[in-house]
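Chain naming follows the written order as A, B, C and D, and within any one chain the residues start at number 1.
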Amino acid sequence: MTFDIIRSARAILHVTDLEKSRDFYIRGLGFIETEEKDGALYLRGLEEHVHHSLVLKKAEAPVVEVMSYKVRSNEDLDSLAGFYEQNGYRVKWLEEGSQHAVGRAFRVQDVAGLPLEYFAKMETVERMLQRYDLYQGAKVQRIDHFNNMVSDVEKTHDFYMKELGFSCSEYTASEEEKVWASWLHRKPSVHDVAFMNGIGPRLHHIGFWLSDPMSLIHGCDVLAALGYSSSIERGPARHGLSNAFFLYVRDPDGHRIELYNGDYLTSDPDFKPIRWDLNDKRRQTFWGAEAPDCWFNEASTVLDVHTNKPVPTAPAKLKQHKPTFVI
Amino acid sequence: MTFDIIRSARAILHVTDLEKSRDFYIRGLGFIETEEKDGALYLRGLEEHVHHSLVLKKAEAPVVEVMSYKVRSNEDLDSLAGFYEQNGYRVKWLEEGSQHAVGRAFRVQDVAGLPLEYFAKMETVERMLQRYDLYQGAKVQRIDHFNNMVSDVEKTHDFYMKELGFSCSEYTASEEEKVWASWLHRKPSVHDVAFMNGIGPRLHHIGFWLSDPMSLIHGCDVLAALGYSSSIERGPARHGLSNAFFLYVRDPDGHRIELYNGDYLTSDPDFKPIRWDLNDKRRQTFWGAEAPDCWFNEASTVLDVHTNKPVPTAPAKLKQHKPTFVI
Amino acid sequence: MTFDIIRSARAILHVTDLEKSRDFYIRGLGFIETEEKDGALYLRGLEEHVHHSLVLKKAEAPVVEVMSYKVRSNEDLDSLAGFYEQNGYRVKWLEEGSQHAVGRAFRVQDVAGLPLEYFAKMETVERMLQRYDLYQGAKVQRIDHFNNMVSDVEKTHDFYMKELGFSCSEYTASEEEKVWASWLHRKPSVHDVAFMNGIGPRLHHIGFWLSDPMSLIHGCDVLAALGYSSSIERGPARHGLSNAFFLYVRDPDGHRIELYNGDYLTSDPDFKPIRWDLNDKRRQTFWGAEAPDCWFNEASTVLDVHTNKPVPTAPAKLKQHKPTFVI
Amino acid sequence: MTFDIIRSARAILHVTDLEKSRDFYIRGLGFIETEEKDGALYLRGLEEHVHHSLVLKKAEAPVVEVMSYKVRSNEDLDSLAGFYEQNGYRVKWLEEGSQHAVGRAFRVQDVAGLPLEYFAKMETVERMLQRYDLYQGAKVQRIDHFNNMVSDVEKTHDFYMKELGFSCSEYTASEEEKVWASWLHRKPSVHDVAFMNGIGPRLHHIGFWLSDPMSLIHGCDVLAALGYSSSIERGPARHGLSNAFFLYVRDPDGHRIELYNGDYLTSDPDFKPIRWDLNDKRRQTFWGAEAPDCWFNEASTVLDVHTNKPVPTAPAKLKQHKPTFVI
């Protein structure tokens, strides 16, 4: 019984005003709108050949419904669901047709309490990579990763590594040599998902990949010209960890989006995870500027896949450190 | 009797289809359309606070009506007109109100037979420099220079230097140590106008300034996506002469536009003109690629300011060189 | 019996003058020199954690000794060697210690006559990704792909797809709906290897990846300043096929190197190969400029892995097309 | 009696360790070292044809000796000295030969108490603009401006405008419609000098121009790799005022340097100064991030040109505002 998780594939966020979201994500960040249907915007990046990588659902409160991974085939999907069930997880199936543009899928509350979804099929659409005349704002190319705050990073890290087959590219070690934060991947980039020690489970941000640094700079200018300068929370700057040239923005509902460029190929089995000391200041900001407190403290509430209620959070297991020491 | 010519300021080109021109210049090159009025499009770059720097007039044939320079004041204008008349040039006045958005002006056929215009006033408009949400295509910022083919470069060079007060930043010397091509400026950039040895008088191209090299690269992509790949004639590449990072495109009527970035400050009186040998290959293309023949042979016909008829051309005075030796 | 080929990993080129090569590859292209040993330079890109991705061996004539792929493990290596032998290929083993910095490996002349090598282990070294103070020239980041001219593309394409497990990202179809050129990958980028219809087997170029377009532009400037402007053969421009922003340079011995940026993620099994018509001009140069004849006609001779003699070439199986129709 | 001030031309800073300064300015910022002579480093930017634009003198304490402007000719110099003397300023002449590489000059304590110098001649040297192989770090191209904190901005602004012939490109108006900060130019860029309301006279920073935004991004990476991440004080970001894409760094002695790109042409007499409200947050940081307190409070002490002692400071005349409202 094996399964092949390909990559982080989409998220479903609840937002309170679709028009505000449309303006921010499309004119500001440069997403392509595949369609609006039944109270939800389906968005994709410029190079994506799939129907969407982000769903914004009109709702009362801005929460995270689910984070989805794509697996290789329906056989992988069955195999993975079986694995979860054998390990005591309750799996919720959504059969084909129950979700727009996506094949059969199952959802599960993961080891850290995060709402996950796995699917094998999504409708394909026209890829806009060479429709440069449609490029705008920050020119988002594709989804890259989920970053989550969880209460017990080491336990989560171990589960993803040993049970789900993720590889670790980089990690932060606490003073007690515990895993304080971890960057894990299936596709050979720095990550599909990261976990940081904190009050969790919460979604810290979704990372979207840009093709070059100037798209990020131009994105800042466009966001500011559109009146979103107060939405720019942190950056542009470079992380030591992952080498990302980054910008963090908050969408109109407060969900955090990272615009991201600059990581590297992690295809090789002999690539050894890069260890960063929690006290190494270059880890979080290679260039020196510190992140604002809100970046450390605020994150999106996640839902329970079975009850659709917010998941209660637990404190961080490891000692809380001064915000300036946390990436 | 003195006068202060500030800079190259606008050109009036005749084009055969305003809709085609609009698409090319606005969506492709990123000009702002100030207005369409009486069969003419008035365009400006993103940083320009003046009404326009390019006028595209609907006409039967694609020719150059005039190239205009801005002078400091109406007193400068009178003084300059007087200078031309005293030197035997016939001056044609266009009083205030006779041209849209421009104050009183005069036109004159210059020493090389080129149709020039001088004016002191133009209506000012909202500057779009920080309206990054309106940026598109190659993001043209402002007019930079006129480049002309003329039959007797040295004579023209001398007139502009000695009589009109231009300074020379760079020049190409022929084998006989004649001025084969010359780059002249009033504003402290590399040029407001250049003259090259060739069949003339003809306008070779108008140069528009971009704020950075990535705007030029993105401009290529947008032009191609819009179907204008056959309009890209030469580049992107770098000139040795002027250090310009350049792209030459042909508008729907064949007028040549240079997108231009990378020159330097020429404010100092002790800046010595840089001499290039005609046989120095790095002069025309610092990186090595050769220009296509059409770039050397084709140029826009210019009109007589008095008769509105095409100005007859004369052969180049200096020996014609192989195209690969000409910038 | 299965095997997992990870990616294109290194090439061994014969060059006639190590000092000239060092200057070109290190100062011009920005490679890191891992070491010089026994008449060979071992070079790597800035993000590479392995000992080298390019070996330049001092020799009498500039030929290609071998192109190497990395496999997951020594078991994969044995399995793959077994596969080749069962299919009638003669395998040549190089046991551990026989090659510097590389574990046991085997070589084989592939279906198209190209000299291939497979290995599982290479010494790891310090990664220079964040040693920005050492960045120079074009700032080469990592090896990306091999591009080869072969006489029978379709046969080669089928072997790599069906027998070796490569996936096709893009291809060019001839008028007879034959595969005229093919881009194949193991890592989820556009390619690890490409095959083009032509006189072969020959290596057309090795592609190295840059992290952003401005590194390529700056690389052109540095190459020109170092006197290598005549080494710049084609570009910068964008391919329609693969979306690459590219530059082709010729090293001091004539080997062709592509500097490459701009491709996309190809991880998904539902990604359908993009078909390009051989007569679509945007395929080879999205922006319009044509490639010089030498780009189409010249390529590096490859050696026989058993005899160390040049492999004789055969004509292209499909009709030769005008160079302007060939990527 | 007229005079023509061309541009801000050089500064002389006192530093405590030439080796530390050399490493920072040359490897980090990319200056060219013209020479070290008599305990001073003479530095210039990549496009500068003059001997230097920055002098770093070994001294006990890090202060500002003088800020120098270039005038058109020695006649302008005499005329300008005469003007100062007639207005009651004490002028100190430094005859030719008394300063290395600079012709005769005079120094004066200006209306705000700042140490100024004027000269007409400086030795010229080889321009390195096209020696791209020597480019490193942030690739500083040329000096751009001085920014000073002064106690009475309006008085200073008026003197520079009415008496010295500067033009105002942009300014900040206080709540009482006083000039709170002012950007003034002689060359047609946004500024040669700026004055801000604050404890003064003090030099806030010297601005150096970069040719494109990516040089600034790469400069950050190189500075960090060299261990200077704590020297990066603010940015990269964009100012609303001046449209500058900026980075502020502190040299090893605490002098502040701005790396600067993105301003516009201000050649036209009809360009109206752009007014910014002191409470407009986009004025100081178009993108939203706030500057650190040190950026508002710390500045370099200036010397008296006659006594060589630090000039005492006076409080700001206008109400001190919260740092976040100050550019």
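Here, contacts are C-beta pairs under 8 Å (C-beta built on N, C-alpha and C of every residue); 3 or more make two chains touch, one makes a residue touch a chain.
By chain, UniProt protein names: A, B, C, D = 3,4-dihydroxyphenylacetate 2,3-dioxygenase.
Computed from a prediction, not measured in an experiment: that's the story for all the values here.
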| item | value |
| --- | --- |
| Same or different contact residues where chain B meets its copy chain A, judged by the half mark | same |
| Chain pair showing more contacts of the two, C-D and B-C | B-C |
| Computed distance of Cα centres, chain C from chain A, in Å | 33 |
| Approximate Å spacing (C-alpha centroids) for the pair chain C, chain D | 49 |
| Separation of chain B from chain C, taking each centre as the mean of its C-alpha atoms, in whole Å | 44 |
| Per-residue overlap in chain B, given as positions that touch at least 2 other chains | 130, 212-214, 221, 224, 286 |
| Residues of chain D touching chain B in the complex | 6-7, 47, 49-50, 70, 72-73, 121-122, 124, 129-130, 141-142, 187-188, 211-214, 240, 243, 261-262, 264-265, 267-272, 286 |
| Residues of chain D defined as touching chain A within the complex | 213-214, 217, 220-221, 223-224, 229-232, 234, 236-238, 245, 281-282, 285-289 |
| Touch list for chain B against partner chain A, complex | 27, 130-135, 212, 214, 218, 221-222, 224-226 |
